[in-house]
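Both complexes below contain chain A, partnered by chain B and then by chain C.
Coming up: the complex of A and B.
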């Protein structure tokens, strides 16, 4: 029989399954929210109301007329959405791997799930540190 | 057990096998727990400072906001009326409650992290179970909050569409 460093009992399995279930819900909900923001932005972009009105009296308006800033903003927004989707996908991966690992008694899959969870928390932590630095700078 | 079988689809015979986490998995869990501990502590400190600021700096904030957004609600001599004061108190209580609610997941994530680190250090299965229980509560909280946020968005979109349709027909 294989020896493990730390055993998972029945209650742990049930708790992990529920945590994975809710993690899946959070991930799907977040995908929906990103979708709503993307659709809203496309809608506003087509109407050209937000960017056009917001910067109409500023020096940036000529850049918008040339399309340079619009394209840059669009590219930046697209890359941001892509990174966000990859980030949330880690949570979905954790959920899928843990559920399938527990159902098949496969520890390799659970370990993979924990790796995704670690990456998810690591990225969240880095975002938090960046936010804190931005907060500190905003005081000056 | 029946409940568990329904959730996992695994038979009791399958569960008799020795099942646990190997070294690599423990490393991942430990790393997750350390990040969670850091985020929980930062979150608790940040929310506590915000609550203290609301409680003790409330009068300064209300004067500031009153001058910005409550024009028209001053009395004859320029001092705020009871209505304006009431609105500001309501806003502060709402924010304080919101912040207090946001403290809950941070407490659970701190408990998860502490229990997980202790479980790995002492190879304590009971502590690991406790830590996963806290992780479950933490995910449940954010899951419910996500559903509430999505529902609010759905209502907003429905009202927006109704408004646009009404505007188009007028």
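Coming up: the complex of A and C.
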């Protein structure tokens, strides 16, 4: 266990704990929302209620009838949810590690927490850069 | 003079301890990406404003304005964390962590207000 009394003072610890608390709330809320969306999709039935009707008059309807496109769509949806869970888990990890590190006065744990936050910001940043590029291209 | 020397010694100690150095590097990474996200969100708002002024459809201006406000907090957090680490200034570090907390708090409020409105609209639409 590494001591770090010199590096982070009490006020910073308090602010960090608050940041971790709200990050945890965001993560839990996001997990809850993903759960609602997944359950909603299962109960509503993507194929019958939404996609099936939407593409009923198009050439794609035959693909839906064969189940090829609906399976692909479910697969895509599942992978998307999985990636989202991994992404939000970084925020939860940051929160847990920082709180535990501050309580145990362990800087390695806090460093692990910040590493998760860095990864979270990195992914967010890359997505935002891609969005910005798409936004700029929409001009032309 | 003596204080300056002591501060210099502290900076050297701070930089040479491997665990502290790892912590510092990670926090630098957080600060750097916070600033990048903040700047991008403000550029996005700028693009929306230019679109609006050029009479191009700019539906996303409200979203981008909120994003830029939250992004500014993140940018300030990153900036303060970076300065605090460079100058070994506890007050600036404190400010950085405070902005980080504000960023998460306001993000939480905005995120769930939007979700709540979406749910209410969905229920009304269904009824």
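Going forward, the second predicted complex is superposed on the first by the 127 of 140 C-alpha atoms of A that agree within 3 Å, B and C clash if a C-alpha of one lies under 4 Å from a C-alpha of the other, contacts with A are read in each partner's own complex, and residues count from 1 in each chain.
By our rule, contacts are C-beta pairs under 8 Å (C-beta built on N, C-alpha and C of every residue); 3 or more make two chains touch, one makes a residue touch a chain.
Since the structure is predicted, the reported quantities are computational estimates derived from the model, not experimental observations.
Enquirer: Using the overlay on chain A, decide if chain B and chain C clash or can fit next to each other.
Expert: Overlaying the two structures gives a clash between chain B and chain C.
Enquirer: Return first, second, both or neither, reflecting whether A:136 touches chain B, chain C, both chains, or no partner chain.
Expert: A:136 contacts chain C only, not chain B.
Enquirer: After the superposition on A, what does A:102 contact: first (chain B), second (chain C), both or neither?
Expert: A:102 sits against chain B, while chain C stays out of touch.
Enquirer: Check the residue A:128 against both partner chains and state whether it touches chain B (first), chain C (second), both, or neither.
Expert: It touches chain B and chain C both.
Enquirer: In the superposed arrangement, which partner chain does A:114 touch: chain B (first), chain C (second), both, or neither?
Expert: both
Enquirer: Just chain B (first), just chain C (second), both, or neither: which does A:76 touch?
Expert: neither
Enquirer: Considering 6-14, 24-32 or 60-68, which region of chain B has C-alpha atoms that clash with chain C after the structures are aligned on chain A?
Expert: Stretch flagged for C-alpha clashes with chain C: 24-32.
Enquirer: Which chain A residues contact chain B in one complex and chain C in the other?
Expert: Dual-contact residues (chain A): 2, 4, 6-9, 11-12, 15-16, 18-19, 22-23, 25-26, 29, 33, 107, 110-111, 114-115, 117-118, 121-122, 124-125, 128, 132.
Enquirer: Spell out the part of chain A that touches chain B in their complex, as residue ranges.
Expert: Residue positions touching the partner: 1-19, 22-23, 25-26, 29-30, 32-33, 36, 102-103, 105, 107, 110-111, 114-115, 117-118, 121-122, 124-125, 128, 132.
Enquirer: Spell out the residues on chain A that touch chain C in their complex, using ranges where they run on.
Expert: Within the complex, chain A touches chain C at residues 2, 4, 6-9, 11-12, 15-16, 18-19, 22-23, 25-26, 29, 33, 107-108, 110-111, 114-115, 117-118, 121-122, 124-125, 128-129, 131-132, 135-136, 139.
Enquirer: Flag every residue of chain C that touches chain A in the complex, lowest number first.
Expert: Spelled out, the residues of chain C in touch with chain A are 10, 14, 19-20, 22-23, 26-27, 29-30, 33-34, 36-37, 40-41, 43-44, 47, 51, 56, 90, 93-94, 97-98, 100-101, 103-105, 107-108, 111-112, 115.
Enquirer: Spell out the residues on chain B that touch chain A in their complex, using ranges where they run on.
Expert: 1, 3-4, 7-10, 14-15, 17-26, 28-29, 31-32, 35-36, 38-39, 42, 119-120, 123, 125, 128-129, 132-133, 135-136, 138-140, 142-143, 146-147, 149-150, 153, 157
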